[in-house]
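Both complexes below contain chain A, partnered by chain B and then by chain C.
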Partner chain A sequence: MTGPGAEGSERGLRPLGRLPPPEACPRREAWQMARSLSRRARQTVAGYLFLSPAILFYLVFLLFPVGLSVYISFTNWNMLAPLERARWVGFSNYTYLLTRDDMFIASLKNTLVYALGTVFIGMAIALGVALLINNVRGSALWRFLIFAPVVTPAIAVGRIWGGIYHPSQGYLNQLLRAVGLPPQQWLSSAELALPSIMATAIWAGVGATVIVFIAGLRNIPAQYYEAARIDGARPWHEFWHITLPMLRPTVLFLSVTGLISAWQVFDLVYSMALGGTEAGTTPARAVMVVALYLYTTAFRNLRAGRATAGAMILFFIIFGLTLILLRVLRRGGLEAYE
Partner chain B sequence: MGRNQQRRGWTLVCTAAALAAVMAVALAGPGTALAARTKIVWQVHWTDFQIDGIYQGDRLVARGLRQWVEEYERTHPDIDIELQSIPMEEYLNRLIVAQAAGTGPDIISVLNTWGPQLVYDGVLDPVPADLVADVRSQYIPVAVEGATVDGQIWGIPFEVGNYALVYNKKHLQEAGFSGPPRTWDELVQMGAKLTRRAADGTVERYGFAFLAGWESAVVHPYLGLLWSLGGDFLAPDFSRATFNGPEGLAALEAELQLFRSGATDVSASVWEFPQGRVSMMIMASWYESSLKQAFGSEYEATVGVAPIPAINGKSVNAAYSWWLGVNAQSRVKKEAWDFIRWFTAQTLPDGTTRMGTYQAENIGSIPPRKGDLAGHPEQLDDLYTRVFVQELANARHEPNVLQGAEIKTILWHEIVEAWHGRKTPQQALDDAASKIDDILREFYG
Partner chain C sequence: MSSRDTGPAAGRRRSPWPAVVGTLRFVVTLAVAAVMVLPFFWMISSSLMTYQESIRVPPVWWPEVPQWHHYLEVLRDPRVPLGLYFKNSIIVSSAVTLLVLVTSSMAGYALTKLDFPGRDAIFRLFLATMMFPAFLFLVPVYYILKRMPLMGGNDILGLGGTGALQSHLALILPFAVSAWGIFLMRQFMMSVPDELVDAARIDGASELSIWSRIMLPLTRPALATIAIFTFIGQWNYLLWPLIVTTSAPHLATVPVGIRMMATAYSTALNAGKLQAATVMAIVPTIVLFLTMQRHYIRGFALTGFK
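And then the complex of A and B:
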């Protein structure tokens, strides 16, 4: 036997593209129909049949919910009444959010500041730490210590830092007093609350970024540095002209994943400023973030339609930012030297 | 047919039967009659000892909800009551999700703020006539008002909450005050004198702290002032907000006096009262057990409670309430109402009800049924709760308005803006009123 199916046949498999004789087929009509299809069409059908569980999964768990969310965003659904009783309101949820709702606008601004601040300041700090501990003795211990906050639940981090920021009993103000500086209202001041939460987020997340940077640093071939040193490069030149360009894929990865994650921040703000009975008097406009706004709108204010419209806006913002980052940072690393 | 084929056939039949049984149970969901027992699901916002009871060693000193339910199940062997315990802050979320999925509980504990929306969306079953009559005749007016939406009673009140001035007796004595402030001006003056600062200006002790952190915490004390000054929150027909008039402005100015005098600031927190870092606060009735626990043997010597200082010669305080309703989607509505009737309306020989006893002895809250208010002097006539019970006579229930939580949240955020000085009081109130007017137009226009 020759042809593409021969090898399979020798292993005891049915040759690809061949059909059994009509008498072996349980239903003659089916066999004739199948035979009438070209080999390519049969392969295509078979391919889709194999893919069908995955396609079904995506239809049920991704496309359908997304489609439904888009629909809900154009209604006044409150989740208590059946969806079919919801009224179609056109773009009014979107126009209200973008033109009338100053809390949503404030939440967009705050989240943008939070995302840019935590991601880029966090990356700068993480890169510095990664360079410091990459090749030192006891690097594994340092990595462990720096990574520890990453595995601490955000609510616990919020509580711990809430104590550190406490106006009269917190360590931070005690430190300020010890050096003769005036104590601050870290979490209740409109000006300081968001930066204080951002600092906590950076502390809590920098460990993961350090680990990724260390992996990136270890992937840079040593010969680049050797060649540079032979040419008389100083450490700063090595960093600027070798390390940083070679880390561009790492920076891209961290920026994209970090920004997507930062735009969804909820737990830290909730636990440190706006959540429940032990929260203080932080002005909501100073710290409200989009995810918390959406939660409040959907589940407290019973406006699922408006919250879903906000989620759509959030999606397009994250999508746009990701595209920009991909455009700006997609080249780099080894391929830049090819 | 070969033996193997026969066995396979039986296996298939048994598997199919088992699957069918599992599917039937799964599809049946809560609130169904399983065999001879009828299952009633009650979603409660109580947790821990409130469900399981309070024990001293092995001795049960205050029944939890479970023990009451077990008593009902013993006397009604055909009934099985499942308690779904959900923390208060997640209660509405879980109810919404369950309702959307068609698996809502049979009995719902309703905070009055949610009531109008639950009624409007057909979530609640109308209350049987005998229970309506019982509520009208046996409950205090403020609780009846709380369970009423559009003139109709939609549930059985089981808790009413209001506010009073809680103060640290020792702080007041140290500062030379013989008693708590009786007027708002006295509160401002005393608050300023009670505040203690370190050499670097750090506040070591606040003379006064406002409750904060969620909408009712900030809005209820403000409403008390507003009503005392003769103003109103919303127009009676809910056509517009009315709190941004002169009385509303005066009420917010009264709060700001405490900030300007140095009695408080935005960092002051009522949760530091137990640590002795706050001398006075306007607090709700449910805080008693925390204070007892915090002060231990010093509780009676330290904690004092008084009516909220009068402003304009009046001291109206805002009230809220909880009530029990039955899910209109429930398939066991009659059984659910029967249980509620047994728990809340059937009186014991001493004139109290089981629910009233549970509220007073275990939860530590104020039951709104007259017989229960009179029948638990040990809990309701004590150092802390006595004033709250007395002040119910001066209490006014917050309005049951659609989107109540959203409306209060808007006002809360704007009041806090004024506390921080980020907006003038008038600007804050006008901004809140403008947004609330939009909501009222949407739902009542």
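And then the complex of A and C:
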């Protein structure tokens, strides 16, 4: 980091800082040391000034709230009274949620099913679609088709599919009737409600996953396929022995990011399950996901302490899942892709 | 691909597989396209149906006489302030986008082109928050906004009033910094050669002008990606506006508005109009996406976050 400044002063340009030029210094080394010190000091000041807007918002709206959350989760705070007056209740929020609160436990199970189902079934479908449309003509149109649901507000997606799932006027039951199958209560039966919402979630999210897979597919060197073809490999072998192993980092990436966001699903379940569609009401326990539980507990029932403890549990689940997944997939030779 | 009487298969009986695979591929492609398109088609067609058509069994595909007036009527309906929802969404999404661009690009510059103690630790701290679920913030941020000193009738200790909760700031401030945006800017700014920045410093440029005159123009693609991504994300965001507007209905954004309309029009009599409003709510993001597809898709390819 000494190069440019020294060259500058030799070329007769204005030297950096307020230090005298090197000729004026009795010892050149000392001058250079002082100069690099002042350069570092100036960069430190500038660095923190440039970071200050981000740090300010970060402290007030991210870091401080996390600390507050930890505290709130040990109180019986009701959101209305000043927090200073909330009573400390130790771990009772946590023990209540994990041992006695059936709805919270149901929400954990539902969210687990939702996360695993949407992420892994969604990835399988997305990989299929990616292979299907990767080298096909009219890819701009395809991109638009699969991406339109991604940019559509989830609340609108919920309305659209609420209509399609409608028991009497929906197209889906109409289709079933046409092929002689009995119509179903897609959103109002306890068995079908969550799978129906998951199907919609996959429909709405598949475009983003396809795009990431296509990016991954294009990164696989063509020579691998050429070499395999020379060796007489079948398309299936190519897929199994080249495409899938080479996509491993993509799969890792999609699993981690997918699980993190799937565990926080809110919009779609909220808009499809809690009225707002004409499809009737859904049994709450069948579709209750963690985020919906936390929202209701905190902002409807005003049990902020309990809800925040639930959020902490959610955080540990996401954190743990991510660590496990990273480890499992890294064991398969992922060190190079960190 | 291979012609009928050449190649290694010429001697044997031709396998029927390529033709079957080709046909199958075509059918599956068509089916995927249909599954993606039909729900949108249904939304538009049902927005143009009369009540009788919308409840007919078997369902109608396309109304006999499209009721285009549903669109005008829902815009003029005083019970549904669609204009207000759009105004709120535009204010909030633009302000958040602008703030995220400023905070991310300034932080990105500091994290790549300035050398100071604590730099990497701060970056890691930013990144760590990407793993925190939003629910860890919602309750405390709501409270922090409520206790904002000297705002909304609050005293210096943040007591007595509503704080920032009754103004657009409640929907804007919590999203002013984005770990994802900082991450993306850092990635992009790392590819700008250090020599360029050093040369500008030698010429006496201040850090602020290096940032604004060199770094910002050079990282325009990243800025576009962050802008479109943040804007659409904010436009579609439901959870936080839902929480804030419970006590401040005048701040309702478009997604909350659709939700409110669903209650206001719960009588199926107006199902067509409600669908018309939903169509109008979707149009802006679809248009934005169409015009900035490339930048938007890069955001997904780089991070995978929705």
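As a working rule, the second predicted complex is superposed on the first by the 262 of 338 C-alpha atoms of A that agree within 3 Å, B and C clash if a C-alpha of one lies under 4 Å from a C-alpha of the other, contacts with A are read in each partner's own complex, and residues count from 1 in each chain.
Keep in mind that, in the parts below, a contact is a pair of C-beta atoms (placed from the backbone, for glycine too) under 8 Å apart; a residue touches a chain by one contact, two chains touch by 3 or more.
Just so you know, these numbers come straight off a predicted model, no measurement behind them.
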Partner chain in contact with A:G205 - chain B first, chain C second, else both or neither: second
Chain B versus chain C as contact partner of A:S168, first or second or both or neither: both
First (chain B), second (chain C), both or neither touched by A:N78: first
Chain B versus chain C as contact partner of A:Y58, first or second or both or neither: second
Touching partner for A:A284 - first (chain B), second (chain C), both, neither: first
Which superposed partner A:I260 touches (first chain B, second chain C, both, neither): second
Chain B versus chain C as contact partner of A:F299, first or second or both or neither: both
Partner chain(s) touched by A:Q185 [first = chain B, second = chain C, both, neither]: first
Chain B or chain C, by number of chain A residues touched: C
Common interface residues of chain A - those touching chain B in one complex and chain C in the other: 79, 168, 177, 275-278, 299
Of all residues in chain A, those that touch chain B in their complex: 78-81, 100, 103, 167-168, 173, 177, 182-183, 185, 188-190, 275-285, 296, 299-303
Touch list for chain B against partner chain A, complex: 89, 92-93, 96-97, 99-100, 117-118, 121-123, 200-204, 210, 212-214, 217, 265-267, 269, 271, 277, 403, 405-406, 409, 413, 416-417, 419-420, 422, 438
Chain A - residues contacting chain C, complex: 1, 3-5, 7-8, 13-14, 16, 40, 43-44, 46-48, 50-51, 53-55, 57-58, 60-66, 68-69, 72, 79, 82-83, 129, 132-133, 136, 140, 142-156, 159-161, 163-164, 168-171, 174, 177, 203, 205, 208, 211-212, 215, 253-254, 257-258, 260-261, 263-264, 266-267, 270-271, 275-278, 290-291, 294-295, 298-299, 304, 307-308, 310-312, 314-315, 318-319, 322
Touch list for chain C against partner chain A, complex: 25, 28-29, 32-33, 35-40, 42-43, 46, 54-59, 99, 102-104, 106-107, 109-111, 114-117, 119, 122, 125-126, 129, 131-144, 159, 173-174, 176-177, 182, 195, 198-199, 201-204, 207, 211, 232, 235-236, 238-239, 242-243, 246, 254-255, 258-259, 262-263, 268, 271, 274-275, 278, 281-282, 285-286, 288-290, 293, 296-297, 300-301, 303-306
